[in-house]
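The following block contains the structure, expressed as structure tokens.
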Amino acid sequence: MKLSNIASILECDFQSSDVEIIGINTLKNAKENEVSFVSNSKYVKDLEHTKAAAVIISANLASQLPSSCTPLITKNPYWSMAVLSKYFAPLIEDDRLDKATIGENCTISSYAEIANGAVIGNNCTILAHVYIGAEAVIGDNTVIYPSVTVYRDCKVGNDCIIHANSVIGSDGFGFATNEKGEHKKIYQNGNVVIEDDVEIGSNVSIDRAVFGSTIIKKGTRIDNLVQVGHNCEIGEYSVLVSQVGLAGSTKLGRNVVMGGQSATAGHLEIAPFSTFAARSGITNSIKEAGNTYAGFPLMGHRQWLKLQAKLAKLIK
Amino acid sequence: MKLSNIASILECDFQSSDVEIIGINTLKNAKENEVSFVSNSKYVKDLEHTKAAAVIISANLASQLPSSCTPLITKNPYWSMAVLSKYFAPLIEDDRLDKATIGENCTISSYAEIANGAVIGNNCTILAHVYIGAEAVIGDNTVIYPSVTVYRDCKVGNDCIIHANSVIGSDGFGFATNEKGEHKKIYQNGNVVIEDDVEIGSNVSIDRAVFGSTIIKKGTRIDNLVQVGHNCEIGEYSVLVSQVGLAGSTKLGRNVVMGGQSATAGHLEIAPFSTFAARSGITNSIKEAGNTYAGFPLMGHRQWLKLQAKLAKLIK
Amino acid sequence: MKLSNIASILECDFQSSDVEIIGINTLKNAKENEVSFVSNSKYVKDLEHTKAAAVIISANLASQLPSSCTPLITKNPYWSMAVLSKYFAPLIEDDRLDKATIGENCTISSYAEIANGAVIGNNCTILAHVYIGAEAVIGDNTVIYPSVTVYRDCKVGNDCIIHANSVIGSDGFGFATNEKGEHKKIYQNGNVVIEDDVEIGSNVSIDRAVFGSTIIKKGTRIDNLVQVGHNCEIGEYSVLVSQVGLAGSTKLGRNVVMGGQSATAGHLEIAPFSTFAARSGITNSIKEAGNTYAGFPLMGHRQWLKLQAKLAKLIK
């Protein structure tokens, strides 16, 4: 889409030279043929180095853009980005794509649907009522149990097991809100990448990224009914016990263990080999590797035990 | 079904004039051709104004009924109502209904099943392994991702998106228990009504009403793995983050925001523009609009921060 | 498989007389044609009475085995058991089995898949996109709503209702971890047994046992989005409200009531007629029947109310 076209959709002034735009991205990751936006003061620092062709921005910040970058000035840049995101959403399915490519020695139920453009590796077992979306890729030796949904563009590695009724690649929970309290969907144009040797339980939801990828690294084990928000990154050999919830953009290091029903806020970084007791509530990043935590608010596990002893005294 | 027939099923004395009964309802909402019941002292006040043709009731309360209303006296009215509920349950599917009506310009997977009597609007996309039940209605421009189940009689508005493996209209968690501790199912003969411009994440459960409707009002956003109990009502533009749980009959005003894993008890009314931090536990109604809460038991968000500071001191 | 073959897979010395082995089991339950293992000091006491043909064991414990039992000495017995478990995993589907047996007067959607070797009773309703695995057994008068998955070998009783998108028999969350932090799957070769008159909500996950059975006894009611770990046993007429989580091997007595979002640790025994308020966190067994609890850590419900009153004073 032409940048002039985008300006017209967003009802912005446009006097720059025109250019073909292929997507939306963060200030940090946008390339010369992408548009970005700034709606959170935390990211203002990224303005001066962005390579984006244009940035959706409020009037007062426009002067901080590099001269190579076109400002698209709007009153609510986050809302404008949401409006624009729809234009870059790929088709849900696309009949013009070639039929799916299936590897050797696969067992695929006649009740499964493999969309056009999908690629299935060798020795895979795909059971009834599975859906593999357009241009999704499944590695070798992977087993997908009934009624799993893999949305378009998502990738699953080799030697993975996905249990029944789990969902890989549903839309992240993204929307802009205006002054009337109405919401506008931000189309989630990224994907999910699951590396090799990952096992995922039943009824799990792993959301696709808004831009880029939600990543589950190799050897990770995810139990039933777990929520992984958009743009999360889960380190190698991590363990998420049942009913864990990860809010968007949180990154776990390798071998992080999260007990049942524990949860994190969004945008955190959790050091490797951290262990969280059941129902921990994690609201800050953790920099030191290898410790054990509990509680909400979170504290060291021994501190938590001490607190419980104090509270027990209170009621005696 | 004749009222005399109902009396015979419930093994009640019956000497009134007979009348055709079409369903069961609350004391407040029952019409002249419906039966009601009273099993909770909270609703005794509704006895005198009920329009129900008959009320299942214990002997000691029967005198409070208006003279136009036939008492059906039983020892355990809630159990009797459960017994009767089965007789008013519609068929799960009904081959005598006409084939589904499909609007113009829809894309419907050949792997989807649209039951007889369903109505699909224009420009809908219905992906593989979706089930749309008997007499369910889907509005225009709605997208339903794979393996979503919409039970019979439920209604989904225009411009909605329902992500994979979510369930609209499963039975509410209703049963009566007798003195031996055995349970008797209360058939859930209501439905779910989802208004326009609602987006629902993956693996969500929204239960149908026991009578009447569970209602999700326009513009609401529901994240993954959320539970909405029977007869809830969610106000316009509300936001339910992942793993939220709403117990039955709770009503949220407009623009209520519930953080991840927060939950409510049943039968509450929550004022508009209330915000609840992650893992809030809400056990009382909230009358004043526009405040922010946290904790379990629930308190003002600032109070909660203060409490955490005090607790931190306890362990120093 | 020959015991000598197993020794070779595990790279153990083997000089005993050979015998045919049909599976892996606990020290307590293993029969003369099964192999067992010991990896947890808690179970060392079971060594002397085991009937297992052979036990995977560390060198220092081998002398405690009865003379009839062959030691299979390895450095990490739990890992070795995981390695071996794969060899006893049945095929996911098996075309050599006879076609499914369907009882009289059933309604089975043409969109459902009933695998070879399954047995369906009389008067069942099986809706679209259901999967019934190999050698699974469904009793009479049972209703299975769309997109339910029943894994192979699982049993569902008479007069049951399973709501949409629930999963019966997904693999328990079992793996061994080595000194590098890598995980090895323990194949879950047991099953799930659901007795008569059980109702299960939507999006529920009930995991199959690693050995033996996960058991849901008659009359139990399970709400939506509940997690039941492998080898749990739920007593008659128990009630699990939405979003409850039971960790593996926990046993509930009859008529236990667990409030919404409450959870248990693994390997507990909960006395009959215990009631847990919403969000209770149960980490110890409960021996006395009939009490009501709340909180995390768990306490008597009245104590919990007292504690909350004290905490409320703290912030005044």
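Chains: A, B and C, in written order; residue numbering restarts at 1 for each.
Here is the rule we go by: contacts are C-beta pairs under 8 Å (C-beta built on N, C-alpha and C of every residue); 3 or more make two chains touch, one makes a residue touch a chain.
Here the structure is a predicted model, which is why all the values come from computation and not from measurement.
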(message) Can you report the angle of the rotation that maps subunit A onto subunit C, using C-alpha atoms only, to the nearest 5 degrees?
(response) 120
(request) Tell me whether subunit B and subunit C, two copies of the same sequence, contact each other through the same residue numbers or different ones, using over half shared as the line for same. (result) different
(request) Can you check how far apart subunit B and subunit C are, centre to centre, with Cα atoms defining each centre and the answer in Å? (result) 31
(request) Could you check subunit C for residues that touch two or more other chains and list them? (result) 111, 129, 147, 165, 203, 225, 243, 261, 311
(message) Show me the residue ranges of subunit B that touch subunit C in the complex, using the header's touch definition.
(response) 92-93, 111, 113, 129, 131, 147, 149, 151, 165-167, 170-171, 173, 175, 177, 181-183, 185, 203-205, 207, 225, 227, 229, 243, 245, 247, 261, 263, 265, 281, 296-297, 299, 303, 306-307, 310-311
(request) Spell out the residues on subunit A that touch subunit C in their complex, using ranges where they run on. (result) 107, 109, 111, 125, 127-129, 143, 145-147, 161, 163-165, 199, 201-203, 219, 221, 223-225, 236-237, 239, 241-243, 254-255, 260-261, 273, 278-279, 308, 311, 314-315
